[in-house]
């Protein structure tokens, strides 16, 4: 998402429609039945994502700015509010999969209606109002991009439950998803990665949360910008591969308590984890569920769908540790300064980059979200905005770990070095991998 | 279902197709999304019902009798087996709502395929084989009729979860469901029912399980025929109405422990029951969810969707008791002997009956399943058939209560005085009502 | 308990004190710590049993009859009411093991206080009042005898949790418990039992609930006396032995779904049952926890601590069934008529009986409670008494199975042919065994 | 605990016996029944604490150093290992309250046996061995002091369940517990505290984890010493009082979602929190359960028994925040440098201090554990020791929040500025209070 000239209504509308249409494009391969299922409380049905993102624009832009505003459907404010307590009551999250109506086609109508009204509003607004709207619109677009990623992660989980082993989209000709190794889809990596190398970084006091995104946009939780003291450290120059993970498994990594955090060990035992999520033993070795169907695990691709607990145990086994989020951000910044701009595009949206552009480190952006050793807490001086919009990030700052870097499912323009993703330590239905660090 | 001449292939095929088509007719108002949802472990998605009944014919008729038999899809044997352990593994019941594929349209294809093969098999079979097939075919048709009733009960529950209060079918012109009071749909009863009257029955030793159905068909659990000693008793001449239930509520019936079985009282407290299932308070008094939408509770209609615990507490409050299943069957038999044949058609399939045909008692058949005070145990001498078909009934004979009489959702030809329906004491998503009894 | 002359105060007091002292005798081997633990919601701490039985006399006799009545301690009415809703609120049952105070010694003081007041009341009452009191006193004594049996069953379970494998009482010289085979304690049966024989009984209409106890006492649920129609049947002449149960296990009885009720099969799988409760594999074969410690399973002794689900599966495997409670009572009556009175004493209270007294059947009384195939429902005409005492039995008449015959832990005078014990189908911490039946 | 001359056997023994005897002193008011109960999975029975601390010395000192070592009882190694996976299997933690034997008296014998052997070992060891033993002995003593605090916290919870509202020790004459306001016991604070003041601290890079304890002892998690960058901040000069907490409650603090972390809000709603743990409404206003019985909440005393969720919500309401653990440690260090040594003794062990000794801040040590905003993660360069001892701290470094300062129950010599206590955000049976911070 590039920097927006808020005085340009056409540009604003184009941005808005591009983001909105991409959601529909992602939903297109999915049947009404696919779009209805919620496979666990963490996931949401596809049609819910499509409706909720629409509700966001309706609630935070149309309601305050549209004259003679009336809700498209009053009950939608109840059904499609996710967690904004200040906006009113919400339908129970774990029960989203019990709601058959409105159906997928009705959601399409809802989307079209709100899209038309948003575009009309952009065009009819005076400059001052349009500037206000633009701020919310950009937030809404980034919000929708987050849900685009979730939509893919969630449907991957939904389809993984199904013993028929369905593919989200089997047609690799027209789908970018097929070439994503992180996603676990074909084709495999052409050759083995080089041995793991370590890049050394000096210690010092460095700025954290400094916005370098070309759109100028960041979420509130990425700031305020502040200094942090970082000791000297080394960072692995690529992600851990499935082959390395298989070594961990072969060395009994899933059965050695001394490698694990106590809580992680209990969780592993309760859930009988023996491998990353979506891996299954077969007559031909380990295979894994992907968006394009089930296929063999490729030892050369980055390991994905591991929890923080597993990532931390792996790091212990490898006599290393996970980086802090500050170390990661510092390294990412230097990586970009060294010319790594091309990598900011996730693998689903390939851009050809010359070697010289790739910087110091491999696979920093758009491959797998990388677990850090930092728990998700507010930065010094953080203050959530007033009102319902303030519920966006701050209230989740407890018992979650920060992940950095984006993944193959991340939407274009949605990756930046300051981005703080976060998930609880036990979850792994998101695309999460491992980069190691060490003290220097 | 009338008596079958098994030598007549055309008649057999016609019977089969009539039952099969009715399932599709019932599913017709439902969207693919509607057909996908499972609202609780007790219910199943519509498309699962459609597939499972098809699997039953495929497994118990095509597999043993079709030459060059091959399964339509191997995985369907896993997905659509309900509980027949001897046929192989089954997909986890509470997770049926997580399976988006095969979708509703694919199930239609599966049904068409099996239907074609069954009809071909009927026509090509020699007489001896056709007679064998006919026995299984009639069982399969009755099995499908049970699922037709479940399909309606289940979708009623699915839609009840939805805050948009959807109707299964709003068009009362073309739908028989609209005139069913037991179902809770409009129009309301024209006038208040007469005061509750009591019909007296003499005691004695009487035959139980004596088959009087015109089709000659009964499930194994309805027999063996045997004598039972029944004391003199009185049976109410109609069902308890919603108005009478409102009196029970007004007299604090849901809050007086002394009226309730201990287990029922605990269950009530845990679930905060204050009224029958589907009843909700509104500004205009009690309303209820029905297949045709939400409408006011009609005090003149039979109360429905109450658990055994509630039925038993009501009976205590009314200084009466529930009939035993033997008392009920004895009364039903005499009722029919007195000319009540017309009533054997459930309310969804109305037949005009002259008063003289109606026998001694009102609302005995096809209104609401009537809770009896008898737990569901095998009759003396009961023996389940060998093989997987033997799993049909016998293995459920513990911790369930018997209900008698059929309900408005019951399919035509599926009601008879010996029919033993059964549900656990706490369930109430089925159409279950109350008829009182007393010692004479 | 023999028939009481209610005009004889001394006899009444003696009866009362004999029952009361026996409870203390049973508690004597137990430390304060032992008496405090509740091992699962079904069990209660020893000191709770001692206090609750005291509360029963205080509440149902002292409160209405003692002049200037004052509770020993107001809070005890909350702590030691078990389930009498009409008497007031109760402390949460599953939390009884969290209450360290009052301690075991304080309960002894409570018991002594109430005992003194009861005896004084008996002595000071006029004849009419004493007759009223006597009725309640006898009920209270039978109630306490029920708890004596529960106390032993419960402490057996408490101690079974403990990896130190403690004995309730290791001293077999002074303890009757050591010679009880049903309890699983030493010494073992001297020799193998005879092959299972079958006693035939004619069918007919017979009285059920006819009181033959020498005390004249029965619980309300044993009546009203009424006729029942019983078909001809055969009853096994002894209980199933551990050796026969080992055969069932060796024939894969715990892994063959077709032998089990569906609900039982699910329960077995959830709890991984492989043997009766308290059996454990050891280097020397199956051993079992008993009140006198852990010892080898003796193939000659009756199998004990099996659930209804297991008993029913065993019967299916043996091509037989469980008797109905009416069949059992009819047989027990004829057994007594044939001279079996001596057997009415449970094995913990041995009485030497001449062979001629033993009747038709072996092990009918005082060995193991015998599961019947009858669910626990009220007899025709049953009506619970008014008031709190009416909560004694009636409100539990759902989802429980009837057991007959008494067990080794049953108190003297507490066994009779009409006695209806009841437990849910999945429980097995009580002494429950199996006697088979067949149709004739 | 003062600095140990490890060459002095008598001093070592004296230290050891002083710590060991204090545990028995704390247990002395408790009956065998009290010592048996486990009120929730987080707590442990008193006799378990007494045995586990003994097992620690037996396992980590006697086993490696005693010649001809034999365990006191093999099964104790199973029963009293808490979480040391590398030492062997452990008894299930939530079931500790089901173990009646060994009883309290047997544990006393176990303790005496191990004490005798430890003292003998100290005396007989050569200097080099004694130096090794001393390191483990001091660790064991600090370990036991942690359990002394837990013992009091746990028994407070056990007794709180009891409707008789028992006191741990009612005799305020001989018990130090009576004068602890933080514990909620009488007498009340003589007068209202001064208005909350703020002490300002400059920012900069400061050392963290620098050991200033007089014993020279720290746990591994308190280091390694490292620099941290801290911004300028203000710290409240005393703890939040119950009176201030009542204001929060009166301002609907427990019902305003916008003040709470999302996870905290969900937890509050699930558990219906309306006040700190142990507070109950009464006819005379709020009262609270304490070790000396139930007494009114004193508005002048520090609020205690609040969770992190509540502390964080309170801080939001007060327009402030919780301090980070680094801010707290920096302030504590300056506080001590300003003469606050006397305060390092918790309130249960009062030491009279001259005003001049009290430093900058009030109530920093030994009052209530103070929630910080820092999640419990390893310091840079942290490495757990090898072997089972390495399981002491490191494996719990996830999803817990750091608390600082000690509390009234903390043992003497067990408080220091670097001490990192930690609990999950939802727990509150420990003595935890609130000190506010702000950015400068």
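A, B, C and D are the chain letters, set down in written order, and residue numbers restart from 1 in every chain.
As a working rule, contacts are C-beta pairs under 8 Å (C-beta built on N, C-alpha and C of every residue); 3 or more make two chains touch, one makes a residue touch a chain.
Everything quoted here is computed from the prediction, not taken from an experiment.
Novice: Can you list every chain that touches chain A and also touches chain B?
Specialist: Touching chain A as well as chain B, we find no chain at all.
Novice: If we define chain centres by averaging CA atoms, which chain lands farthest from chain C? Would you check?
Specialist: It is A whose centre lies farthest from that of chain C.
Novice: Using mean CA coordinates as chain centres, what's the gap between chain C and chain D in Å?
Specialist: Comparing mean C-alpha positions, chain D is 48 Å from chain C.
Novice: When the centre of a chain is set as the mean of its C-alpha atoms, what distance in Å lies between chain A and chain D?
Specialist: That gives a centre separation of 40 Å.
Novice: Report, in whole Å, the distance between the mean C-alpha point of chain B and the mean C-alpha point of chain D.
Specialist: 61
Novice: Among the residues of chain C, which ones contact at least 2 other chains?
Specialist: Answer for chain C, listing residues that touch two or more other chains: there are none.
Novice: Spell out the part of chain D that touches chain A in their complex, as residue ranges.
Specialist: 83, 85-86, 205, 226-229, 231, 257-258, 260-265, 308-309, 312, 373-375, 377-378, 380-381, 390-391, 395-399, 425, 439
Novice: If you look only at chain D, which of its residues touch chain C in the complex?
Specialist: Residues 31-37, 39, 47, 75, 78-79, 91, 95, 97-104, 158-159, 161-164, 166 of chain D touch chain C in their complex.
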